[in-house]
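Pasting the structures here.
Common to both upcoming complexes is subunit A, partnered first by subunit B, then by subunit C.
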Partner chain A sequence: MIASKIRQILIGKRAGSVTLKYPFEPRPSEPGYRGRVTVDTDKCVGCGGCADVCPARCILITDVSPFIRIIRRYLDRCIHCGRCEEVCAYDALHLDGEYELATTDRKDLFIEQKLFMGTCNRCGRCYIPPTPLDRLMVVGFRKDEDLDGETI
Partner chain B sequence: MKEGFIRKFHSKAFGRSLWVFHTNVGACNGCDIEVLDVLTPFFDVERFGIKLVGSPRHADVLLVTGPVTRPMVEPLKRLYEAVPSPKLVVAIGACAVGGCVWFDTYNVIGGVDKVIPVDIYIPGCPPKPEAIIYGVALALGLVPKKVGPAIESHEIPMEVEDILKELTPSRPVALPVNPDGKNDNGKQDGEGA
Partner chain C sequence: MVQQLTTDTILGRLSESIPVIASQSPTPHRLYIEVPKDRVKEACRILFEDLQGRYTITVGTDRRPVNGKFEVLHFFSFDRDNIRMAVRVFLDPDDLTLESITPVIPGAGWAEREIQDLVGIRVIGHPDPRPLALPDGFPEGLYPLRKDYPYNYQPPLDEGKTFPFKEPPPDATVVTVGPFFPVLEEPSQWRLFVDGEIVVGCDYRGFYNHRAIEKLGDSVLTYNQIVFLAERICGICGCVHSTSYCQAVEEAAGIEVPLRARVIRSLILELERVHSHLLWLGLACHIVGFDYGFMQSWRIREPVMWLAEYLTGSRKHFSINLVGGVRRDIVPDQFDRILSVADDVDRQTNELVKAIQDDTALIARLKGVGIFTPEEVRLSGAVGPTARGSGVAIDARRDHPYAAYDLLQFEVVTHDGCDTLARTLVRIGEIFESLKMIRQCVNLLKDIPVGDLLGEIPEEIPPLKDGMHAVEAPRGEVFHYVLTGYENRPYRWRVRAPSYQNIQSVPMMFKEGTYLADVPITLGSVDPCFSCTERMEVVDQGRSQSYTLEEKDLLRLSRSKYRALKATERK
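Our next item is the complex of A and B:
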């Protein structure tokens, strides 16, 4: 009986300990793990491509005025599928592999972005000017006198 | 207030063992496998004294996975009442936290916190076993919380602000879906549950 216990201890010693030390030691995620969604508001142009493909419909778009588009991201129900990162043509979204997202309030997983957009002269709704420089130039409305003799 | 409660809970329960009862209220089993995973020798939450028990009356902590399907609403409430106080409810997975891709499906309530109060949310579909351990460590007060809400904005030129003051919205402003519990059609989420 005692001999068998000693044998067990010896076998256990030979195998060593396999248990992770986490959370007392940091453990970075493996390469390729997707994790949390982060967004760079300066790069985002508000095209809404990410909202179109999100299977959990986390990403909601509201045009509060002709110049301002608000994008709300409810990442509490995000399934970390990475489709938004794949579709974003402006490299604004990244899944950074962070997994330590546990929280006591699910509003902590919410991102709101206020984006400055161009305005369509006909319908008055937001559209995406092609470059950030163009975005600076959409202030005010084009007048026909500006065309400087050109005909349409 | 919640943080305070958790600290009180922690001072009461830490040093002793937390016994957990695991329940599935409509999960796809992905999260349940991860919960099993953290009990294996590799991740080994038993080093924190955490032990899975077979009855809610023996438990301190209720682990819930799944988006709460309508038939599971009443059983979940009864389960919550069966756990003796003080109790902690941990929602594991995007389903339990916010309803995942089923948050506005007709037979799904979409989130455990619409039925019973939740103390710790662990998002992810499914969360990594390490993420669950992190949530447990957060409950025990061993690690700090890392996430917070973000509100970001482009730089908006002054002229635009002036123009905006004179303009009225070009079309009605749509309602946000959560956390006010309204979906895009203006209906209440989980209505009639």
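Our next item is the complex of A and C:
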């Protein structure tokens, strides 16, 4: 019993204090960590692939008119699986190393993106024209309307 | 020499006494047989008693949209011969009754109560037919797992209804532990019937946190979304659920997983086992009042978590699996760190175990507590370290090889002690076996050329195909059954976590003369999740008084026993 206790003390002594100084010292995450979701809205073409695979359904898509598609990302519900990053064909979504996402306001974790889309002449559904120049020539105009303000 | 069983011999033995309607054996390791409704109990008795099969789970399915009938499957496993099988019976919607198999197989108790609650199949002759899964006051005649029940419908509850608890034996006092249980992570309520300090009986009420995961799986999500939901069934061993689910779908759809992906799955699963067992060891020490062991084993565990974060992108929910393979490769640059963490954990755990194994007070706290005999293991269907601590060498990794376990050399750690100490020693032994396997996985990865990590997936997964697969989780065997369906999602998905069987075995461990102070560690020895208790209530029936016991009081009770033992040591 005594020998066991002495050995226990020695192990504890050798290990010392292992408590990290966080949050007083920064603690960067490992490379490849799946943290905050960031969206590069310039690259996004509004295909909706991310909404299709999201297990938590935090990416929702609404077509408010034949020309405007709204993508709402409720990242407070995100489970950080990284499927959206994986399937995005245009490299628009990324999960970075940021993990300090606690907030008192859910709106801080909400990304709403309005996309100006072209309309298919045959089916009437939205699609994104291939080049910025084509986007200018699309029939229609950027609407300034209240898009049913409810977001969160 | 016991005769080797094959699917044919099992079928032959059953056909001798039972008219088998149909049988199907997609591989030499799988068998599905359909029997008439009135012969189910007999068929299960033959499989369980004569052929010594291990009962796994019962699944009830509403197949009305497909063939107008209900279906019940009783699953059995023949571990020595690597065969898993199911006894299938179709029920007419007009006569939804089925003879209970619980009198023959006590381990089927919960599963049968669950199909009664959720699918609405009445089980005749069940020794304890009380509700299990649904909340108190759930309306009669509504069965959530039926296909005509919308996944988001929440019926109004009848507030006046209460749960029919068991009556305590005369002269016994009832000690209610829960609904927030001090030892298990889930909210569960144990009513312990005590005579003084001695436990003379118990009653269980659980499923307070039933999250309808299976319903979501077969009505809302798609095949690849369920992987992530499955991972979140458990907060400690999530990867085993996602792997098991993926393997069940892969089996049903005939998807071939590339070798490299299989090795990565094995590596991650073993990493998970190391951290889970170290966590359990720490918490077991904490429960008996030996906080030194808790601190040190969690210190050793932390680098394993960091390694997991480095390899998969997250400390705990690795999200590494997809149907068909894995999502992230493990590259040669990462090998060194894996090996060095494995060496460190190996050395430090060894030191720690050597230091605490002579701590006589600690050992006295574990030895002879919660005796669980091999026969009881078989009856209750207990799995994992709980079974192996009683000398029953069942391990899905060896008996039903999956992932890359057929390429790895390892021993199945068993112990004959049948008590809490034996279960502790099994878990400690498994830490070292797992570390050995992690090193072997790294060596395998060095030789396997880098290539595809996802297998070829057919355009559409064929509907109404069965798949079942199990993974050896840290706590025991996790079993997933998938019936493939339409619209890119399963028709039925059934999860059986190891604790489902292991918790049912706990009443068997409360042998005559169990002390109240030994209850936390007995329960803890089964399932390694100890959560915080808010409060518990002691009802002294004799004096019709009740007073509450806070978490600290319960821990104090458990710890003062350790101190008392230590004091006797000194004398």
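To be clear about the criterion, the second predicted complex is superposed on the first by the 118 of 152 C-alpha atoms of A that agree within 3 Å, B and C clash if a C-alpha of one lies under 4 Å from a C-alpha of the other, contacts with A are read in each partner's own complex, and residues count from 1 in each chain.
The working rule: a residue touches a chain if its C-beta (ideal position, glycine included) is under 8 Å from a C-beta of that chain, and two chains touch if they have at least 3 such contacts.
Everything numeric here is computed off the predicted structure, so don't read it as measured data.
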Touched partner set for A:32, first subunit B, second subunit C, both or neither: second
Winner by number of subunit A residues touched, once subunit B and subunit C are compared: B
Partner chain in contact with A:64 - subunit B first, subunit C second, else both or neither: first
Subunit B versus subunit C as contact partner of A:3, first or second or both or neither: second
Subunit B versus subunit C as contact partner of A:15, first or second or both or neither: second
Touching partner for A:125 - first (subunit B), second (subunit C), both, neither: first
First, second, both or neither for A:79, with subunit B first and subunit C second: both
First (subunit B), second (subunit C), both or neither touched by A:53: second
Intersection of subunit A interface sets (partners subunit B, subunit C): 18, 29, 33, 55-56, 79-81
Subunit A partner contacts - residues on subunit B that touch it in the complex: 2-3, 6, 41-44, 47, 94, 97-101, 103-104, 113, 119-125, 127-128, 130-131, 133-135, 137-138, 142-143, 145-157, 159-160, 163-164, 167, 169-171, 173-174, 176-179, 184
Of all residues in subunit A, those that touch subunit C in their complex: 1, 3-5, 7-8, 10-12, 15, 18, 29-34, 53-56, 79-83, 86, 95
Subunit A residues within the subunit B interface of the complex: 18-20, 22-23, 27, 29, 33, 36, 39, 41-42, 55-57, 60, 62-68, 72, 74-81, 98-116, 123-125, 136, 139-140
Contacting residues of subunit C [partner subunit A, same complex]: 221, 224-229, 232, 292, 295-296, 299, 302, 306, 309-310, 313-314, 317, 319, 327-328, 351-352, 354-361, 569
